[in-house]
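Would you mind keeping the following structure in view while I ask a few things?
Lettered A, B, C, D, E, F, G, H, I, J, K and L in written order, each chain numbered from 1.
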């Protein structure tokens, strides 16, 4: 099984950015642990960008006959979650299933973070379990 | 590990109620499978009520010194998710951690289902994975 | 033909409660007259509760193979009309058809009474004809 | 007993217009059946117009000493239900009682159809029973 | 000086319609008195319609080279005041100045009567002085 | 007949302030002309203040047994029109009738000027006729 | 090919009405040019009314077996665009396809002109190209 | 004098629940002190429920000829304050006067706690004085 | 114990102003009774102003080292309750505790009276008990 | 004549993306046909990007003295239509005229697609004619 | 160069009022420092009032031929910033340019502080730099 | 002292773009003057991009141990000010302080420009002083 993890804006700063909200583990460290714990069961491919359009491009690639295929996509669109109809449209436009994840409990934060354009086009959403949200998304695809 | 699953209104009809939205497996059947697959790792206790106040009572019980303690609560408050400040207050009032789950992708349904009074008082939310949402909640408590 | 009449909160006080709005006939007296006028044509079963969840339970019962079946349900959900997504979901979850009735003209009262979560899941609504609203609902099922 | 039925815009197309919503019976056919079933008990007079002001004129006529009097008016104002304060004012300005009817369940359709300027000035409303809504309105006046 | 008075929907019922709000003087009686009191100073022409489009037609006529010219228009658009962009556009489209009048104090009534599409395209508005609102509008044109 | 004219904030600058909106005649000059044209028919008393509370005090004075009585009050509350519930309450608290006037057509300006807390407590409103709005208010009291 | 052009309220004044917004060509002149340039390819039939209900009647006629058929309708509903659910329902009720056109760029004008009840029931909308909007609508039907 | 104190959802946890908001005194302890300080002047009867419908039932009981009468009711409806039209209707339906109390200053908390369906049907409201709010309510009935 | 009572706009008219809402007792009379009933226990100082800024000044004075100190302030800000952020800020800026009182039940009146900028900065609010609201506020400070 | 066609996010997937909404023709195929049918009359230059800023860059280029000039721009900003003030500002900042086109009827889809930041800065909008919307835009520039 | 600094309500308490938000320097101390650092370059005149109308009066004075002229006004309207259309109108009515300043970052505080009636009538706004906001405003006038 | 100036979308067109709003000086020319006037006191580094994600990248760089450090950032996010939660999050995620500047008075323009996601995460905002807004921001960092 091969899964694509896409992280959106500012998630490259995980570990150093507002640690009281996002924790102090960097995503690289976490990803290594994650790959380690799922070993041969799952192959994880990671992509991060701060550019809305590049996230769309990466989603499109999974639909491209000449690019590698994935069994699922785990998407944390960061702040674009709340503003990007374009990424939401890209999710609807591709064939691979997408699971939405969030590190922090967005519903316990500012009101503008309570709205997600992504959710309705995703299989489901996993929100607020810290980095473990990614674990649970993998668990979903494994079952 | 001992977990309490609380299901709210109309979830006793799972399997027969609007199967295109909620699937055709009854919760009893599912619970048996669930308990089976986690065997000795987790003990699952199940409670369902259509009465808002009884759900509050059950949440309070977990705080009661004379009642059995749980390592976590998995709550699907059904339609009360969108209307009950009282249940949300009960979650904030007790010590045991609560994970919010939903069978259907509420964000792909009517707008009044997009709002949850529960979310901000829960550890996190798992939404839209069918009955597997409960699996993932158990996975969270196990990790 | 067998019809179930379900009355929601405060409707047990009909006759004594704000008679300028609801009239001065108690529901028991009315029910007797009603049963009398339809005699052998319709059998009326009556249920009233102030508890939201008990109304849901009663609606569920009509779907239960081990409970008596009804040819229709006449529901006056009282104030829960405007706040209960849970009752509305129960209506959608059962097979028996439901007709929504109201004694007073809710649209001529406070704005929060203009919204009904029930209506869209019911066959139709009969509003504002005093106790005669129930008569008309029976007429509908008879035709 | 003499009743005036007033139908508003597009209701002249009943039977051919969006039959999945409005059914396939034309109003003329229905009216004949209706008159037949109530025979000598009720005399039905029918008026339809797509012009808002003509509906107002017709309502005013019932107040005119030189015009025939009615024991009641059954009004389906069609789309004007949701936009015409002028028709609502006309209902308030005349003496004959008006019952509001709708063929389709307007609450199960677009949100702009959930608002009625008519309701608060009418005796009551009968909504969603197909053409039978008119039957029930007549029943109301007969009782 | 020649002035055109245009009255909108339901104003033909002035005197009989809700006299607690609109008074008990019919407009015909009033008009006679009005014409009497201004005698040779002003010639009053009166038009009333319940049809939105006929009010527009009448406003257009004042712009027509082949029709009599007026020194001003006094418009009480009745309930169309609150709903008709089309009449408001007609006011903007013609050359003759329009003064908006209302018999009742619309701001002391339902909230939907607080909005006027007419006002911004009129010279000014005179609201709430009973039938004397028309007097004041004539006074304006005379000065 | 004795009338009190009360002008609110910034109206002391009439004539110099934004003349394209308010005209170039100062209120003093205008008042003299006004008094001149009504000569012995009306005695005009003038009060202007930029302080909300002083306008309230002045309104209260008219209710005071030890202060001179007026046959009417003409109030242009300026910007307080849109924000002062306190002045509106004062109007309701006194016995003398108040007519609301505005120099500019407030409905053709910013949206926050479309709302008046004053209107519903006044006899009526005269809006948009330049300084002539005051003339018309006097005409009202004279008739 | 035979096309019906329907113009709504105030569009009879095109050429004289607010020429800075709508241009200075009258519709009659334009129609002649238009018919001229499409000669034998298209037969244009023109209808204008300021009465909402007459526009509905005209739309209904195209559905009438006894009336001439059209290959398409070009509708500029003028100000009714923003207020008439009744015309929108008529579009949905007939079989002939309707294209919505506007002379001015409604989105660059007042906010209440940004909403169109027509659009969702039309094939498409052509907005803001002056009278050339009609040309483009004809082009659509020709292709 | 005999007063009924009704506490709504989660108030059974007073003393242990979020003590920074609600203080650390349990209601039982407080009630004893309260009864002690008013001794023979007032007899206090206490009822608490987490079930909306049971609170309604208890309010109805005070209207029941066969049940003990009270000189007043002190109601802290907890979270139902903000969501229950049904309880508010019950207050309006009974004869005994109700005073609304709140322990915390609801206006200094989340916005959804600023709205009370109870208030308008109660004599008055006492909000934010901790448990002393109940004292003040008793003082009111005593005076 | 020394308490400062501050009354806002129009409260100087208590007793004569809208007695159906505010009762017919003047505040001076009431104050005398109040001082009488608490005799030596409390010294009451009274201040009333219709000027928003003077109320702020008076609140500031209590913070001034050279001015007499109070053990508490009882504030009825009248209509400024609903509009004055400045007074609310003054409450937050001083050290003396403030209790908010209202004579009428503001929640049973116009919607704009349901909002209080004061509440969240006060200890608590006492609303709707007529002049007795002041009694209860004194009771609070005494306990 | 030389025209620039700019397509925004996800429009590179036209033909494969949700064909029930967008049709099954790829844009490349369509562009070839389009260029073919206008032959020597129009030279079409095509640009597509999923990156908001690159669309802005491309719009700016048309203003650059060192870059080729265009006689017009046809812009389908895709989902950025509803969220990008930045692209709208770019349209206002350049000299070349822009026509807005949409393939689907955005007004018949989700409400967030009903708003366009682009429209008011464009010459006009052509919406809902499938790929033919581009044809009509070219027709506009040709006339 | 001569500048007028106007401070609105509660700013007389700077230094003692909520020092975590506003700092602990009193305005008098600061003003001295400020005057010191700009010495002969700028003459600073200071005015503070808690009365809305007095701030208006002071603004008007700068327009008065008999009063000293200023090269600019630095206005911190405090809480009136968010509620006073009257002060905003005064800014528009005078000739001297006004710069708006705020000590705290109003956008990081309650939502009702995000709105300023002042801003659109001022040259510009300087917000959130503590007392240094005044420095920057002086810098603006000096350049 | 070393400062980074970041300009967002369309600001590369300053000088040519809508000069009535933004002035006619290009930013390059201005920057040279600015650097000249602050000479050795400040080193200015300039970055402009129309791509939201590149602005985020540039903000992140200032947090990167391997990249040059700045004493402050001056950010004019252009239209992204009103739509980009992602840039606002980046500001919160880095250590260097950011000052928000705008050339035009955004509060005197369209309503959608009145909202800034940036402001609450910045030290402060300087709005509406033309290019001099940048001067003032430098002044802030220098003091």
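Keep this in mind: a residue touches a chain if its C-beta (ideal position, glycine included) is under 8 Å from a C-beta of that chain, and two chains touch if they have at least 3 such contacts.
Treat the numbers as computed from the prediction; the structure is a model and nothing was measured.
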*Enumerate, in label order, the chains that touch chain G and chain I alike.*
none
_Treat touching chains as neighbours: how many steps, at the fewest, connect chain D to chain J?_
2
*Interface overlap for chain K and chain L, more than half of numbers shared or less than half: same or different?*
same
*Comparing each of B-C, K-L or J-L with H-I, which pair has over half of its contact pairs in common by residue number?*
K-L
*Report the inter-chain centroid distance for chain D and chain G in whole angstrom, where each centroid is the mean of the CA atoms.*
30
*Could you put a whole-Å number on the gap between the CA centroids of chain C and chain I?*
47
*How many angstrom between the C-alpha centroids of chain G and chain B?*
55
*Provide the list of chain J residues touching at least two other chains, using ranges where the numbers run on.*
51-54, 83
*Of all possible chain pairs, which ones touch?*
A-B, A-J, A-L, B-C, B-H, C-D, C-H, D-E, D-G, E-F, E-G, F-I, F-K, G-J, H-I, I-K, J-L, K-L
*Along chain A, where are the residues that touch chain J in the complex?*
51-54, 56-57, 60, 63, 83-86, 88-90, 92-93, 117
*Report the residues of chain C in contact with chain D in the complex, numbered from low to high.*
105, 107-108, 114-116, 119-129, 132-133, 135-136, 139-140, 143
*Would you tell me which residues of chain L are touching chain J in their complex?*
8-10, 12-13, 16-18, 49-54, 78-80, 82-83, 112-113
